[in-house]
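Going by the order they are written in, the chains are A, B, C and D; count residues from 1 in each one.
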Amino acid sequence: MAYEEIVVKKPLPLIALPCLSVAAFLLFWEWIVVSGTVPSVLLAPPSQVFTVFMDKLGNPNPDGAILAVHAWTSLQEAFIGYSLSLLVGIPLGLAMGWFRIVEGLIRPIFELIRPIPPIAWIPLTVFWFGIGLTGKVFIIWIAGIVPCVINSYVGVRMTQPTLIQMARTYGATDWQIFHQLCIPSALPMVFGALQIALAYCWTNLVGAELLASDTGLGYLITMGGRLGRPDIVVLGMVCVGISGAILGFIIDCVERRLLAGIRR
Amino acid sequence: MGNNESHVKIRVNNLTKRFGDLTVLDKICFEIKTGELVAIVGPTGCGKTTFLNTLSKLMPATDGDILIDGEEASPRKHNISYVFQEPTCLPWRTVRENVAYGMEVKGIPKKERMERTDRIMELVGLSSCANLYPNQVSASMMQRIAVSRAFAVEPDLLLMDEPYGQLDVKLRYYLEDELISLWQKLKSTVLFVTHNIEEAVYVAERILVLSNKPTCVKAEITVDLERPRSFLDPQFMEIRHQVTELIRWW
Amino acid sequence: MGGSSIANETVGVSSGREGITFYQIITNTYLLYTVSLISFFLVWDRVAAWQVFGDSLARPHIVALKLYDLTQIKFAGTNLGGHIWASTQRVLIGFSLASFFAVPLGLFMALNRYANAIVKPIFDLFKPMPPIAWVSISILWFGVGEFSKIFIISIGTFVPCLLNSYNGIRLIEPELYDVIKVLGGSRKDEVVQVSFPASFPAIFAGLQISLSVAWTCLLAAELMNARDGMGFLIKRGMDTHQPSLVLGGMILIALMAWLSSLLISLMERKLCPWKRSIDNL
Amino acid sequence: MNTPSSEPQLKIYCEDINKTFIQKGHMEVPVIRNISLEVEENEFLVVLGPGQCGKSTLLRIIAGLETPDTGYVALDGFPVTGPGPDRGLVFQGYMLFAWNTVMGNVEMGLKLRGVPKQERRAVAHHYIRLVGLEGFENHYPHQLSGGMKQRVGIARAYANSPKVMLLDEPFGQLDAQTRMFMQHETSRIWEHEKRTVIFVTNNIDEALFLADRIVLMEGKLPGRIKKEYIVNLPRPRDHENPDLLELRALITSETELVL
């Protein structure tokens, strides 16, 4: 059917319901804590989380750093680890998809490392690099590399065989076919990896900070837990969630512009 | 029609291809002169595609050899172009870059490449959509791009595998005429594989009829009608009937 | 899908004659695999032996010995099998609990626009929040016992399961529903005969992803505090600076994660034999 | 549209059908402009037209999957209100149930109508043999070639014992050679199981080989019927037949070149 974008008028309730359900959820959350059905030591209502948010913007205690510092450390770690995993994972996956030798040498090692949950590396990184930036960047790097390699590998494998045969009859070398044919046709899959890798990096960053760190949003959550301050814990979780969403949004825009660029 | 009749461009002797103990191509021998347009027809499933894949060196032959100007054919030394049945264009390149792709791979200098591309796009009438992308043009347009790209490298041997099989009849007549005019102007040696006997008789100067598996050249029919040929002209019908009898399987 | 195999076959330019060439020998996959594995363990051994990271990287055979010892002696109350079972049990409970609810909910949201309008926005609120962020609050709520670990694992499993079953149905070609209509089927037939079977591959893809997330959440929970389990071994190795114990724990958890993922793909092959095996990782 | 139309022996009667789609950005795209069509019992009608000329939409309206803006469709005199088992539809993209075997696909129609297992297996077997797929009953669609998949599509439509068979460019995705073979198969199957057929295609040789009557559509949107041709040649037909070539030259001169 050539007219898939046929306009289907959205009935009114389908527009109103989402806002209603979110509002209801927040009100319910406020009500259960304020009314005492859930002791305030266990959960903080949204209003209290908001006040502590305003307070944390300026005052470093009780965990020793203002919110901006925590957020900045987390984002810094995430950015370095994420870009490193893209820089290493994508070319590696592309090469593995096309060159037999690269696949033969790299794939077994990749299959060995792949099932290990990235935060299992924390003890080793603490031994090797201490609890500073490098250790966390290493963990994020390992977390991000897996989806990059997989998507790039599958992207090259899905190159149209007739394109390759056409290039071969013109006498194109393996290398020519690789960078003129395989890489461009793998790009959509590679861009798909940007989102997945970001989610993996972000999840394992928080894990790493929870277990061994001195600043960062993950650390904020742990300190909140240790000090019995549920509002700080919830604040930490909400910040992690929001910054994750913002990063996702940014990557989405970058992806859309780049994809439009290659006219697929 | 073809210019220097004497010089043999392509010589194939006892080309054989076996998959395990199944013989698909069985000692195929034929010759094609420079600038000649030869059609290959055969019954359903007579290994035409395997035949083309071995000729274009996409697949190694089990035995026998394929000589271009007396030397063993190889994609790097010689210019071999292959137009597939489904249009193959690089979606991320514009129409002009697609037509120039063959020459780019061959390492032809940029200036000459651009000039040849413009010339051939003029001939085929693609200049108007030079900067469009393949997903913005129709399937028949994409096939014309593939044909232009094949001619642009001035090939020693141009192989075509049912290029117009999927198109409706009016388009096919138009593209067949376009192919013939390109061939006459650029004087390439063309091997045109089709199952449509009418198309073979319309396009070719000589028709090689393949037998059923194991495939060999069953017969050779020359078609020396002047151009442009008409489907209703009795001589045309006679040759067409002759070829059909050789292939009739239904 | 022939695509990938063809791309593979035409890698080497045909030399006109069949027969074994040098190029084909060195690109023989199995030869390369063995070379790569051997060199991996060799490098590991040399790096550990030359103390590149000081004494904090154990040599492979020491790790193997350590694992062997653990099977013999009782370590913190149970032997190795006990630790493995403790962790696997938590993952099994958390994973099956969460997927049992998430998959039907995802399917229901895809089929009923109103359910989708209610649940999707709240789900989108929690989607960007990594499951491990829940560790502290789950300790606050449920203490350090079994339940708080299972809670985190099920949170981690819930999101990918729901997302994949939801997308599984939305990506079905509309003409398949037309076929049912033309054959005289009702809306119910469309759902039963098309929506559910067609979404199976996506559901299994979701299960695979959430399984790997489940193992990550298990490890996070056990590393925070646990009295048994593979994460506990790693934590103990970290606290008492025994790299061989840490590496042993990592190898075990990798093995169990790989085995469980294998289990899921076997289940998939059994339940939907019709799915083509696409040659990818 | 209250009483059945006057001509009882007409199988399908379409009167003055119009259809316009509203695209995103609220652009109106007229697809069909007042088409009327009459199809007799067991007539093999071919709707011929280049790529985008509304012929598939016309078929979907007759199948009841789309409702026309104006005009109506009547089957055996009774107006068509929606899709139903009395009109079997074969899709260009096969649309087989990848998760069912060939047998599962063919007997789906009967299964939906609650026909007991034994009986529907017998019917399915009959049609699987008819389309020449014996021995492939337990294969899955991904193990079949394009031609075989389409034969399952045809068997599935036939097994539901429809009064009318609607085929929407069924061989559009097959390679040229298999397409020719499938034309012979369709003609053979139709000889065995005579039904009223509406066959949509852009390939003139296919139309001439199969049709009792050819309806030629305009080259561009909105789709209108340009001309009708009666093809009373003996079956099975032969592409070399001079009369057929004559008619072919006539129709070709009428069709427009759409590059």
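We adopt the following convention: a residue touches a chain if its C-beta (ideal position, glycine included) is under 8 Å from a C-beta of that chain, and two chains touch if they have at least 3 such contacts.
Not measured: the values here are computed from a predicted model.
With B-D and A-C as the two chain pairs, more C-beta contacts join A-C.
Set against the Cα centre of subunit C, the chain with the most distant centre is B. Chain centres here are Cα means. That of subunit B falls 34 Å from that of subunit D.
Subunit A and subunit D, compared by their mean Cα positions, are separated by 50 Å. Mean C-alpha positions place subunit A and subunit C at a centre distance of 17 Å. Subunit B and subunit C have centres, each the mean of its CA atoms, that are 50 Å apart. Listed for subunit A are residues 160, 165, 168, each touching two or more other chains. Each of residues 10, 13 in subunit C touches at least two other chains. Counting partners per residue, subunit D has no residue that reaches two or more other chains.
Across the complex, subunit D meets subunit C through its residues 63-65, 82-85, 87-89, 91, 93, 95, 97-100, 108-109, 112-113, 140-142, 156-157, 160.
In the complex of the two chains, the subunit B residues touching subunit D come out as 44-45, 85, 138, 140-141, 162, 165-166, 168-171, 173-174, 194-196, 198, 231-232, 237, 240-241, 244, 250. By the touch criterion stated above, subunit C contacts subunit D in their complex at residues 173, 175-176, 178-185, 189, 193-194, 197-198, 200, 272-276.
Here subunit B touches subunit A in the complex through residues 56-58, 74-76, 79-82, 84, 86, 88, 90-92, 101-102, 105-106, 133, 135, 146, 153, 159, going by the rule given at the top. Across the complex, subunit C meets subunit A through its residues 2-4, 6-8, 10-11, 13, 26-29, 31-33, 35-37, 40, 53-54, 56-57, 113-114, 117-122, 125-126, 128-137, 139-141, 212-213, 215-216, 219-220, 223-224, 234-235, 237-238, 241, 243, 246-247, 249-250, 253-255, 257-258, 261, 279-281.
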